[in-house]
Each structure stands twice: as C-alpha cells, then as structure tokens.
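What follows is chain A paired twice: with chain B in the first complex and chain C in the second.
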Partner chain A sequence: MKRAAPWLVALAAALLALLLLQWQGIAPARALPLLAGGAFGDANAWSATLRIATPLLLCAIGVTLAFRCGLWNIGAEGQLLVGGVAAAWAGHACGHWFPALLAGAAAGAAWAALPALLAVKRGVPEVLATLMLNGVALELLRWLVTGPLQEPTRQFPQTARLPREAWLPQLALGRTGALHLGLPLALLAALAVGLFLARTRAGLLLRTGATAPRLARAQGFALDRARVVAFAAAGALAGLAGAVDVAGVARAADRSLAQGLGYAAVAAALLAGLRCAWLPAAALLLAALQSGTSALQWAANLPGIDRFGLLLQGLAIAALLVAARFAGRSEGGERTEGSAAP
Partner chain B sequence: MSAALAFRGATKRYGGRAVVDGVDLELHGGEIHALLGENGAGKTTLARMALGLVPPDAGGLAIDGVATAIPDAAAAARLGIGMVHQHFALAEGLTVAENLLLADAPRAWRRRDFEARAKERLAARALDLDPARRVGLLPVGLRQRLEIAKALDHARRVLLLDEPTAVLTPAEGEALFEQLRSLRASGLAIALITHRLDDALRLADRVTVLRAGRVVHAAARARAGPAYDAAAIVRALFGDAPASLPPAPPPPRDAAVRLVASGLAGDRFGPLDLELRAGERVVITGVDGHGQGELLETLAGIERPRAGGLAITAARRAFIAGDRRRAGLALPLSIAENVALARGAFARPWFTRRELHAVAAPRLARFDVRARGPAQPAGELSGGNQQRVVLARELAAEPELILAEHPTRGLDLQASAFVQGELLAAAARGAALLVATTDLDEALALASRLLVIVRGRLHPCATTREAVADRLAQEATR
Partner chain C sequence: MSDLLAQWLRLALPLVLATASEVVAERAGVVNLALEGMLLAGALAAWLVAAGGGAAALGPALLVALLTGVVLALLLALLVIPGRAHPLVAGSALHFGCLGATGLLFERMKGSASVTTFGELAAPWRWLPWIGAALLVAATFLFLERTRAGLRLRAAGDHPEALRAAGGSPARSRLLGLLVAGALAGLAGASLTTVLTGAFVEGMSSGRGFLALALVLFARWRASGALLAGLFVAALFTLELRLGADAAGTHGFAVFALRALPYVATIAALALVRVEPGRAPGALNEPLD
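After this line comes the complex of A and B, so read on.
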C-alpha cells in the first residue's frame, strides 16, 4: 500500500484533471493527444518546450544550490527579471550576446546578494527578503521599460530590440523552431553545481552548514562569506536565465519576462529532490506541462484561457510533489532530512 | 502542620528499572523546597507524578495529609498544582493576551475586551507586559514570567519549577528569585527542581538530594539559621564512593604552550586566564550551565570572545562538540563526508569519489565505526557510533590541541571507555587536552589538572572527589 500510494495520488490527480476537461467539453481521448502533441509532438513543439525548460532549469539550479546550503531562495523570479533587463541593456549597448549574458548574471547575483547579506549580517529571514524583492524587481522593470530603457520610438513598454549580433547563437529546429545556446549552458551549469556540491570542500562545508553551522565554522570555514557567495551564485544563475531568454527568444525585455518561471523553479527543484542530476528532467517535465496545456487551450479554445492551463499545471505539480515525497526522493533536501532524522 | 503536597513511598519503574524509588518528600506552604540531582535522578518524574502525568507504581501522594490520587492533569489543576516547564509551554506565534486566555477563551470576544481582560490578569500578577505583544518577541526572562503567571492560574497550592534558571541571564535569575520569594510569602508551596547547587543554597528552605531515584540527603534551614552543609550536599549529589584512581603523572614542565587565554570573557564566562601545554590534560568540571559550553566554543573559534586575548599555537586542532547533532555532525551527510570535512583532509579544494573514500575508510576503520557503509547518512547511526564518527574526524590527524565537551554524554559504558581511551592516547602522544564534563568519574579519569567552573569562573582544584565537592560547595555559597 505504501509503495503504491504515490502512484494512486498521481492517478487521482490525472483523473481529476481529465474530469475537469470533460466538464469543459473535451473528451480525454481528445485532450491527451493534444497535451502530448503540444509538448513533444514535432520539432516546433519541442522547441517551445525547451524554450521554457531552459530558463526554468537555470533558475531551478540556483534554487537547488541555495536550498542545499540551507538558504531559502524564493527570489529566482526577481533575479530573472533584473537579469533579463540588464542583458537587454548590455546586449544593446555592446552589440554582442556575451556581455549581455555576463550583465544578466551579474545583475542576478547582485539582486540575490542583498538578501543574503541581510540574512548573514542582520538575521533577516531570506525567504521573506527574496520574496519581497520579487515585487520590487517587477516594479523596477516596469519603470525601466517605460522610462530610461524604453525603446527609441517610446510606443511600447519594452526595451530596444537587440541587434542581430546580440542574439544568442542558435540551431534551427524544424521549420520555425530553434534551439539557442542557453540549453547547453544550463546543462553545463547543472553539472557544475552538482559537482561543486558533492566534490568540493566548499560545497561539503556549505552543506554541513545547512544543519550544523557550528561544525562548519569549527573547521575554520568562513561560513557566512561562503553563504553570501553561494546565494549570489544562485542569483547569477537566475539572472542568466533572464538573459538567455532575452537574448535567445524575446530579443527585448518587457513585463512578460518571468511569468512565474522563478516560482515554477522552486517546484522543479523540489520535484528533483534537490538533486542536480534530476533537475533537467524536472524542468523538462514542468515545461512540457506548460507548453502542452497552452497547445490544448489553443486547439480546444477553452474559456478563461490561461487560468485553466494554470489549474492543470498546478494539479500536476501538486500530484508529482506528493508522489515524490512518498517515494522519498524529495528527502534530498538536507534541511528536511535533518529534522526528520531520529 | 501537614504538608500541602507529600509523596509517600512514591515509586515508578520503567522496564524493571526504578526511576523513582520509594521517595518520601513533603512540600509545605510558605516554603521553597529545592530538589537537587543529576540528570536522570528522578526529579522530573516526581514532578510529573504531582501533575497527574505519571501514575505511581507504588506509594502515592497526599494533599494536606489526606491520601489523594491524581489521575490526570485536570485533577492536578483542580487540586491547585501548577508547573513551569523548562521548555516553556507557550505559543510563540500568539500574543501575550492570547496565551494567557487560551484555556478559557470564548470564541467571540472582541479584540479590545480580550486585551482588557488580559491586562487585568497581568495587573493581578504585577506583570507589566503589553497584551498585544507576540510572545516569540519577548526576552526569555519575560516569557518565563508569563509562564509563571499562567501556571499560577492553577497553582493555588503548589508551584513546581523545572530548571527555571537554566535559560536565564544572572539578572533575570535575580528577578525570578525575587518573585519566588514573594510567592513564598503568600503561602504557596514551591518546589524548585534544579541541578544548580548555588540556586538551591541561596533560595531554598529545604533541600532534598535525589540520586538514582532515591532520596540520599535531606536538609532544612531554620529561618534565620546557618547555611547548609554544602559539602555534604555535593557529596550526596555526586556519590561518595572514594576515589581510587592512581594519581595522574605530572605534565612535563618544559612542554610547548599550545593555548593561552588571558582575560578571556564571553556572555556566560570569564574573564579568565588559562594556559595549556602539550601533553597536559586539563578537565573543567562542575554543574552544567555555568558557561563551560560557551567557553569551549570560544576556544574552538566558533564564538567570538567579548573581551580578552586568545593565542593558539597548534596547527592541528580538534573540537568534540557537546551538541553532537548540531555542532558535532552534519546528520544528513554521509559518514564519509562527515569525516572528510575535516580541516586539511584534502590537499586540493576539490576531491574525487575515490579520494573521499581514501580519506574516510581508514579513519572509520581505525575508530571502528559500525555502519552499513561509508555512504550511510550519519543521522541513522546510534549515539555511540555517531561519536566514533566525530572522533574519527577530529582525532585521526594527530591533533596538537583537543577541545572536548561532554565527550561521552549519552554513551554506554563500553563506548565511553573507548572515547576516554582515545583521548588519553592522544594526550600521551603529545596533544594538549581540554575537556569539559559534568561527570566527576570521567573528570578524575582524564585529568592531570582539574578546574572547577562556577558561574563562568575557573577555580583550580586537586584531583580528588573530596576536593571537587569542597570546592564546588565553597564557590556555590560565596
């Protein structure tokens, strides 16, 4: 029974989702192919899914890095926003994608360093600080794209369109799809962070600090400084997510940049059990849900269009998290493990 | 006058072992009665009997001379018995008013009435607190006063306090004593459960010492009479078996100095001077909670000293933390990782899986850690094995300075002997050893020099049981 429980939960959620669709007048036999096709049906679908998965993965790596160090980074959303704006500015100013990525990462790092410093120096809970700064970042962006960084014609609330040289190199995928440099970057980052946590002394002591800060300090480790650096690195990854989205897909920054990706990253990180090796799969799954449901909305012409998609995604995420917890995989979180241990 | 509450031959057994063994004890109105004893002496079990939380297996309780059963907590409250727990039973997220009126709050009070009622209660207890203040934001001393105010709602007859000064600063402790004295004057019977001798001697009208569930010493003080025979109380606390240990060899006079502290002070200790030489085995003993934990953490570099200087001339240091779960081990990490996080375990800042194994395996083997494998999380091990992991990390690199707090706490005899043997062996190889322990047998077994800690100050002491007892008694009564 215990073993079957997660699958029963997942099954129940799937049934509930299908029932909701039925209620909307779409038979499961029609809905499921639409969902799957929207996510992975052809090159275009793959392209759409991977476009979402790439920044999601980068953010989720940042969230995972922070969580494993016992720091709660709920601020990927804001870090992504400032990273995207900085990248739009730098890409336009320098006319190349590389400085755009650098600027995005730097802005994300700075945006994350602030709550980290407050947490270390003043004991301000980083959960709250990062969460609040998300709102600040959104307003900052809103102001920038209607003020100092607005595009030259001053008609739209967005930054100037990036010149071609500032677009990320990409690989054509199907007729209209494309795969940009962000994806290999993100996979590389997952590998790097995974290795850092498991195979370096700093990673080891940062993880130690999550449950036993005094032990880490007793080894002569400057824990507070390392935590600020790790948190800033997490922010840099989220900032990079904003940058690759701007330089790889959007070509300009506007308010639609993040759209909850930073929060979905928390779900992805938990879904992967805070393990870097599982992050790409978790990000891909959540991204597929998103692209699949939007395809479904399109094809089925559902009312309340984005709301219904969100509902389906939320249901799926909740079911997956419950299933993962039953299966014991999300116990990779060292804080949860530490408190649950006898 | 018959006692407000009396234990008569009270006995409680768990699995055949008597935790409380035929205890006769009387709590009189208008008196403060100190119950002294080491951890596990049975003090708390007695209190839980009075609260109706633990039914006695034999014997029982009497109220005003009449044998009375206290079957549950509600009965204890009806009989006027209340308790202030060591770990406060307050809801930290709620306000002062909400905590005070939690038990009898009807649902539909308006906030203003609610707080006005709380204010009345607070005024009746002479407590100047903002009822709208969140309890979690109050300093510990005030939280305790609130806890007492709450307990007094029930405690019309008997008030039990479990280690009330353990969490207080000295100033807060003074305020508490003042309050307890005025409660005594109002006729309440007060039981002060503590292992702090100095508190008991200063405050109590009667002292009862428990050891292994039995009353081993009882004394009363006449109102204006002389002080207690403190030495007798300490002997009762620690047991008066004669020390039969061979005298420790004297430390080498010309040995290198490993640690010098001068005028070192923290929030709970000092200012104090301390010098430690190679091969020396200094043990700090005394009752828990007198600043020894903070002192060791300061010497280990975890806490910053408030004042004074600290010079350590040892490249390789070991710190065996008293709080194994939060400072000794990272419980979610694997055993191998816990060992390998030691200073200087790797030559480079990164390592391969094979290097991790190469560092951990011989250390784990040498300290005989029993686990499924090096990848098992440390949190899954038994206490004894966890301590072996700590030793494997801290002692494997032949440290020149070893700081250890309660190195054998919670371990069985065999594991304790192993740990003590390793510490002695390390000292024999030339390490300077500083141990803080409350276990007198351990102190005497390890020490070449003994220091007694009282209220954060160190006092030199001969390495015999009697000397420690005399010294503790002398300092506690000062």
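After this line comes the complex of A and C, so read on.
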C-alpha cells in the first residue's frame, strides 16, 4: 500500500485534471496529445518550453542558493525584471550581448543586495523586503518603458529593439528559437552552485550558518558578509534570467517580462528538494505544463484555458508534495531557518 | 474630508481582515502563503452570489465567501498537517490553484450584473462591514488571548511538544487555527467585491494578501495589532490614490514614486521598527511529529 500511494495520488491528480478539461469542453483523448505536443511535439514546442525553462532554471538556482544559506528569496521576480531592463539598455548601448548579460546580472545582484543588507544590519525579514521590492521593480519597469528607456518612436511601452549583434548566440532550433546560450549557462550555474555548496569551505559554513549561526561564527567565519554576497549572487542569477530572455528571445523589455516566473522558481526550487542536480528537471516540468496548456488554448480556441495552466501547476505541486511524503523524502531538503520568521 | 475618511476606511477593511486571518494562522504555527488566492476566491464567491441580487443577496454572499475560505483552508490543512508538506510549498500550490480557478470560473460566468455595495445601503446597514470587522477583530483577540482553545492554538504554534505533553492535540489546534484564518480570509475577499468595487476583476486582490504577510510583523502577531497595521497601510494607499488623482494625466517619475510608495514605506518602517525575532511563534512552519 505504502509503495503504491504516490502513484495513486498522481493518478488521482491526473484524473481530476482530465475531469476539469472535460468540463472545459475538451475530450481528454484530444487534450493529452495537444498538451504533450505543445510542450515537446516539435521544434516550436521545444522552443516555447525552453523559453520558460531557461530563465526559470536560473531563478530557481538563485532561490536554492539563498534557501540553503537560510535566507528566503521570494524576490526573484523583481530581480529578473530589473535584470531584463538593464540588459535591454546595455545591449542597445553597447551593441553586444556580453555587456547585456553582465548588466542584467549586476542589476539583479544590486536589487538583491539591498534586502540582504537590511536583513543583516536591521533585522528586516528578507522574505518581506524581497516581496515588497517585487512590486517596486514592476512599477520601475512600467515607468522606464514609458519614460526614459522607451523605444525611439515613442509608440509602444517597451525598450528599443536590440541590434542583431546583441542577440544571444543560438545553438539550435533556428535563428529565432529559444535554445540559446542561456541554457548551457544555466546548466553550468546549477553545477557551479551545487559544487560550491557541497564542496567548498564557504559553502559548508554558509549551510551551517542556516541552522547554527553561532557555530559558523565560532569558526571565525564572517557569516553576515558571506550571506549578503550569497544573496547578491542569487539576485545576479535571477537578473541573468531576465537578461537571457531579453537578449535571447524577446529582443526588448516590456511589461510581459517575468509574468510570475520568479514565483514559479520558488516552487521549482522546493520541488527539487533544494538539490541543484534536480533543478533542471523541476524547471523543465513546470515549464512544460505552462507551454503545454498555452498550446492547448490555441489549438482548442478556448479563452481562459491559460488559467487552467495555473490550476494544473498548483495541482502538480500538491500531488508531488503528497507523493514525496509517501516516498519518505523530506520535501524542502534540510529545513531552512530564516533569519527571522516567517 | 469625510470623503477621504470613507476611502481610508474602505481600503483598510480587507487589509485588517486579511492581517487578522494571517495572525491566527501564524499563531497556530502555519504561514498561509495562499492568503492572496483565498482573497480572490472569497471575492469571486461573493460576487457570484450577490451579482444582480440587490441588497438581499449580500448576506448569503458573505456567508458563501466565508465558507469558500474555510474549504480552501481545509485543503491547506490537509496538505500541511496529515500530508506533512512544507506550508510554503503547499501554500504556493493552493495560491496558484486559486489564481487559475478564479480566472477560469470568471471567464465562464462573466456577466454584466453588478453587486449592490454596502455603501449604497441606508444608514445603519452601510456601517455593517466596519462594525462586523471590529467585532471580528475583537473576537479574534479574545479567542487567541483569553480562551483555553486560543491558548492551545498558540501553544501549537510555539511549543507543540509542550501542548502534547499537557494532553492537547497540536494537529487539532492547527486545523482550528487554519479554519478560522480561512473564514476571515474569505470575508476579507468578500469585502473587495461588496464594499470596495461592486464588481469582480481578475487578480483584484492585487497583492493585498502578500502585504498582509508583512503586516503581521507590524501587528506583532496580535489581532489588535492587525487593526492598527491595516489602518496604517490603508492610510498610505489613500494618500497614494489622492496624490495620484491630482497627478492624473501626467506621466513619469512622480507616478512611479507614488505607486512604489506603499512598498517602500513598508520596507522603511520595518527597518526603523525593529522586530524582535523572539516575538514570532516558535514552531512556525515546523512539522508536527
């Protein structure tokens, strides 16, 4: 019974999803191929999935890094937004993709360093400060794309389109596909952060500091400074996520940047049990759910079915949670103790 | 001037109720990250019942919104207590679920019928939401601080093992806390449609649920504090709306600064008013053994 439980839960969740689809007027026999095809069916489908998965993975790595250090980073959304705008500006100003990525990472790092400093110096819970800064970042973006950084014709609320030299090199899927340099960068980042946390002295002490700050400090480790640096690095990764989306696919920054990717990244990080090795799979799964349902919406010509994707995402997380419980794995990996509650 | 006051009170209503809801949940030891989604669900439920029904439909609308919140809270409790899921992951799952479900339902049931708001009613009735909210906050305060069930609930959030040693059930207390929190969240959502606007708009809670998570710290995990914190931030929002109306038509930095004001002010206030970590419930988000 115990071994079968996760499968039963997964089955129940799938059945519920199919019932919901039926209610939406799509027969499950038609919906499933559409869903799967929309996520992985052809080059276009892969492109749509990877477009979400790549920045999602980068954000989730940053979120994981912060969590493992005992800091809750709910601000990937805002860090991604400022990173995307900075990349759009730098890519246009310099005419090359490298400064664009650099600017995106720097902006994300700065956006994250502020709440980290406030947490260390003033005891402001970073979970709240990052959440608030998400709102500020969105307003900042809205102002910049209608004000100082608006495209030259001043017709559309977006930044100037990047010149071709500032586009990220494509790896496959044609010149406009979403398989660009961002994906290997993200995979490399997952490897690097995983190794840093597992194999270096600073990584070990940061993880120790998450549960036993006094023990870490007793080793003569400047925990507060290291935490700010780690948090800024997490922000840099989220900023990079915005930058690769702008330089790799969107070519300009506008209000459609992010759209909840930063929040989905928290879900992806926790789904992966805060293990870097599992992050790519978690990001791919959540991205496939989103691209699959939006393909379903187009194919079935149903308005509102994109909300179904959100519903499905919630359902999938809940099902995996219960499955993980029955599989005896503690979801969330080691429990993180934030600097302050919640 | 009275206009300003009325707007301030209108904006305070959902914030006060949502913060009180989160206070109860966190005192019981569970952070309710799905609060934002619950507000949306409550708002939609109230709208579905009240639309086109006139003043008579308001009572049932509030009741249905309350029950919607309770059912959602029960789902969260199932995931967190017997399911032993991390409350933040379970909460985010429920939040996404609510976001999707409300959007989907609204798309299906879209109508032009509007809700009669409490503000349109005659004199004694139009004050009902505020009298009700004040009574609810007072009742929540008394429940948490003065009753045995409240004491057990606080113990479930602070020292579950002590509660168990004393013969209580932390699981039952956490369930109770979440259900009460769900009821308050549902009503907070209903206030968006029956007091603030009279219509449902997708995503109309616009971050209030998340904001309430921050306000709990100002409230120092007390229902009385929820009242003050809600009123404080509502004053900032009123200011923003007023100044924004004056600046209408102009674009640029001033508008951005105004919109960002509530967020920046909250961060600044948190930095100035130091929150002692010791005030947070001791076993927040910790699973029961």
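The rule is simple: the second predicted complex is superposed on the first by the 318 of 342 C-alpha atoms of A that agree within 3 Å, B and C clash if a C-alpha of one lies under 4 Å from a C-alpha of the other, contacts with A are read in each partner's own complex, and residues count from 1 in each chain.
Assume contacts are C-beta pairs under 8 Å (C-beta built on N, C-alpha and C of every residue); 3 or more make two chains touch, one makes a residue touch a chain.
Everything quoted here is computed from the prediction, not taken from an experiment.
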Inset, instruction - In the overlay, answer first, second, both or neither for which of chain B and chain C A:Trp298 touches. - result: neither
Inset, instruction - Report for A:Leu310: first if it touches chain B alone, second if chain C alone, otherwise both or neither. - result: second
Inset, instruction - Using the superposition on chain A described above, determine whether A:Val266 touches chain B (first), chain C (second), both, or neither. - result: second
Legend entry - chain C versus chain B, contacts on chain A by residue: C
Legend entry - chain B versus chain C as contact partner of A:Arg214, first or second or both or neither: first
Legend entry - Which superposed partner A:Phe156 touches (first chain B, second chain C, both, neither): neither
Inset, instruction - In the overlay, answer first, second, both or neither for which of chain B and chain C A:Ala129 touches. - result: second
Legend entry - Which superposed partner A:Leu205 touches (first chain B, second chain C, both, neither): first
Inset, instruction - Report for A:Glu139: first if it touches chain B alone, second if chain C alone, otherwise both or neither. - result: second
Inset, instruction - Across the two complexes, find the residues of chain A that touch chain B and also touch chain C. - result: 341-342
Inset, instruction - Report the residues of chain C in contact with chain A in the complex, numbered from low to high. - result: 26, 31, 79, 83-86, 88-90, 92-104, 106-108, 207, 210, 213-214, 216-217, 251-253, 255-256, 259-260, 262-264, 266-267, 270-271, 274-275, 277, 280-281, 284-286
Inset, instruction - In the complex, go through chain A and note every residue touching chain B. - result: 195, 199-202, 204-205, 207-208, 210-212, 214-220, 334, 337-338, 341-342
Inset, instruction - Can you check the complex and tell me which residues of chain A touch chain C? - result: 24, 115, 118, 122-125, 127-129, 131-133, 135-136, 139-140, 142-143, 146-147, 263, 266-267, 270-271, 303-305, 307-315, 317-318, 321-322, 325, 331-332, 335, 339-342
Legend entry - Contact footprint of chain A on chain B as seen in their complex: 297, 300-302, 319, 321, 323, 325-333, 337, 340-343, 345-346, 349-353, 356, 377, 379-380
